[in-house]
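Shared between the two complexes below is chain A, which pairs with chain B and chain C, respectively.
Moving on to the complex of A and B:
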């Protein structure tokens, strides 16, 4: 049962030649992708291989040049963002941005940050929103009183939790995360991983994440996508990719990872 | 997920309470606030607090010295001027006119400037840079000079000088708002808000404006002190408020005629202008650091 279908998603970055500047052309895709309900997909690859860009295209933070995205039986042409579509899209697919620190507004308390998606996308009354926000805060392992906290009062791990709360408060079908575990220390990292796995079970969330940490990828991902130069070069079940990598890039990544872990785990 | 239940904190200070708490912790800012508060109270309740009216002349007591001098009397605390008017009353009415008109001027300039600046900051390309370069050129000229030019066109008078100063203050609000909005629009939390489905209007009100308050306070107090100085300067030069209106600059100019005979006629209004500007700047500075503490400590 596919909850999300991506067909021929393409993005072309074309900076025209300017005086004393080399023209810069980067093309992503065309990408085809299908996501099942409750599935976890990891996107790996080198820097500048277009991972973050793909994530942003999926949620619509950056408009694509061509292609089609179907989420929960609503079709979007990825190129255009009509108002009506945008609201449904916000409802169905949510993103955790790469730097949870910078993605929180420093002058707005946590409660107001979490209130924004609800206010703009639902018809709930103020008291309903308030109780939903408090419920979500508790769900991600914060306290109800964090409603009144500002960004500078929270640690990195707590900020990450707020970013997660912001993403799940609308009860989306698909959650896209850009390196959600990168800045966290190991204990907070495993807490966050467990939290996401638990939420996935509770909400039936499909989870697409970008990571450089192949240990986590191997641990939680059902499928892995390998990207290079804006293209998907390999795609498959996690165990298959890790045991029998086909593409050169995948082989390099996997051997680099395996040189770090004891051999008996293979 | 918590395994244990905790009591909630009973008191959560609101953003403004937080600002007030950190503002209170600075003694200098509190002194400034007390001073400014005194000026504001005197300005608002001038008719109740003054012993005489602004135009009342005491023919028997011209150029009476202030009460602390040997031949001064307590019935005229700051003495009288060359027309026998009570200087204390004049100063209070003067503060009322100067501070009041400066305040109106700054609010007007801020409203216009911030709206233009926001639009310019959200736009891109040619339109935005036209606004930018045009106004940057204007900002190079001192506001008083622009105001004098505008008064020369419009004619003298308090209202005309207020218009002139409003127009002269707008460019700096536009400039600061524009560069601030531009910088803010590039930040990650704007992307996050866009993903929440916010349009540009909502982005401005709920994401950018809360961050902008600190900048607005700094620019607003700066503009207020500039407006106070400019209005009294225009009054002093006989371009702004006319002699019939008790305005601090006008009182100072009147006092200058008898400066050797009765120096308090110059010293008292001069001191009033100085303290007014000083207290505005101190309060602005305290407010700025309090607002910054709210989001960083």
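Moving on to the complex of A and C:
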């Protein structure tokens, strides 16, 4: 069952030629994508291949130029953003940003950070919001008391958990993450991976993430998308991509990864 | 005979009325022609060790060491002039964030050309020398994998993307042909192809010019593929040190084992989507360090004796500090 359908999603960045300046043209897409319930999709590729841009287009942080996104039979035209449309969309797709510690307001306690999406997007009363926030905090492995904590009082792993809590507090169906594991230390990273796997099982979330760490991609992704110059050049099951890469770019990435992995078993 | 030899390095910071030991009796040595990896999580003092070797620590911090020598010369008792000479010609450092360690008011080309030592430049007239300088700069930049030298050498640091900055820092470090390269997390956030390219460059330099490298990182996959030996740090204490081969095959300290387990690529038998083994809790902050063995509260094998700092023990050239290492039966 498909939970999300993306059709012909396109983004064009076109800076016209002026005097001595060369024109800059970057086109993303057209991208077609379908996401199943509870599925994990990894996006890999070089820097500046448009991975982060695709993630931002999916959540609507950057308006696209053409195309449509369909979630649960609810259609959004990616280009036009009516207010009503936007609200529904923030409910359904949520994003985790790359640097979770920099994307939190340092002057506001955790409770208020989590309260904001609820206040803007739902009509729950204050007590209902409060209990929902506490429930979410427990779900991501924090304590109820963390409601009153500020950013600087939390460790890296806890900040990542807050970022995750902020993403799931609206009970989304799709979660998009831009390099969620890159800035984390190994032991905290494993904890986060475990947490996301567990939440996916509980909530049936579809999870789309960008990563350079192919070890983790291989471990948790169902499907892998390879991007180059704003286009999807290869797409397929994780094992298939890692064993029989077809496109040149994929081959390069996979061989680069394989050359680091120790060949003999430990 | 090790080139860089550090024994019992301790760094104390005064904060208010208490003093914090940010580094506690750290031992580290790099032999010539060796790639030594320094592994630890953030806040374990990796970067502090790098700054300590450079002599870039603020003077109000109290740095003591039983031994800290470079080729038999004591680094701590050197004059500033001598120290600078050593840092200029023999040790090169790649710092963590390139954007903030480059000079924002000069172009990359100017900075790179400035760091070429005079004796490498040929030619007797100033225009010949300038030309040759430029040639060296371009070839170095190509070596680390920056293609559009024309564009990037005339760019200012704020105009370049982070990954070019990283490669550029490596180029600047290599241009003076040092004996020891200290690379502080040089591959962070790089895509796999570029990372492999940089690691291959390091390995090649190590083999052809016998450049020693101190590779500071927490990317175990990269380390395992190139390093000869490894030192593991946790919260400012050396936890385990030895040959890469031995550590990978049989870690003795519970923390090293947890680190190795955290990389799913090392384990072929791991079914996809299974839970990764982890240590509970998080890295302690400097203000709230546990007494004794600093891993204590997170360690699965911790017992009462762990409130005393364990002494360094040695089996051949594999040393560890733990009261209940993994090769001993749990009492």
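Just so it is clear, the second predicted complex is superposed on the first by the 259 of 266 C-alpha atoms of A that agree within 3 Å, B and C clash if a C-alpha of one lies under 4 Å from a C-alpha of the other, contacts with A are read in each partner's own complex, and residues count from 1 in each chain.
In this text, a residue touches a chain if its C-beta (ideal position, glycine included) is under 8 Å from a C-beta of that chain, and two chains touch if they have at least 3 such contacts.
This is a predicted model, so every value here is computed, not measured.
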| item | value |
| --- | --- |
| Clash-or-fit label for the pair chain B, chain C on chain A | fit |
| Touched partner set for A:107, first chain B, second chain C, both or neither | first |
| Partner chain in contact with A:156 - chain B first, chain C second, else both or neither | second |
| Superposed model, angle subtended at chain A by chain C and chain B (C-alpha, nearest 10 degrees) | 80 |
| Partner chain(s) touched by A:95 [first = chain B, second = chain C, both, neither] | first |
| Which superposed partner A:260 touches (first chain B, second chain C, both, neither) | second |
| Contacts of A:33 with chain B and chain C, given as first, second, both or neither | neither |
| Superposed arrangement (fit on chain A Cα atoms) - minimum chain B/chain C Cα distance in Å | 10 |
| Footprint overlap on chain A, comparing chain B with chain C | none |
| Residues of chain C that touch chain A when the two form their complex | 41-42, 161, 163, 188-196, 199, 218, 220-222, 224-225, 248-249, 258-259, 261-270, 272-273, 275-279, 282-283, 285 |
| Contact footprint of chain B on chain A as seen in their complex | 59-61, 86-87, 90, 94-95, 97-99, 102-109, 112, 116-117, 120-121, 138-141, 143-145, 147-148, 150-152, 166, 195 |
| Chain C-facing residues of chain A, complex | 45-48, 155-158, 179, 182, 185-191, 193-194, 197-198, 212, 214-216, 218-220, 238, 252-253, 256-257, 259-262, 265-266 |
| Chain B to chain A touching residues, read off their complex | 1-2, 6, 8-9, 12, 15, 187-189, 191-198, 202, 206-207, 210-211, 213, 294-297 |
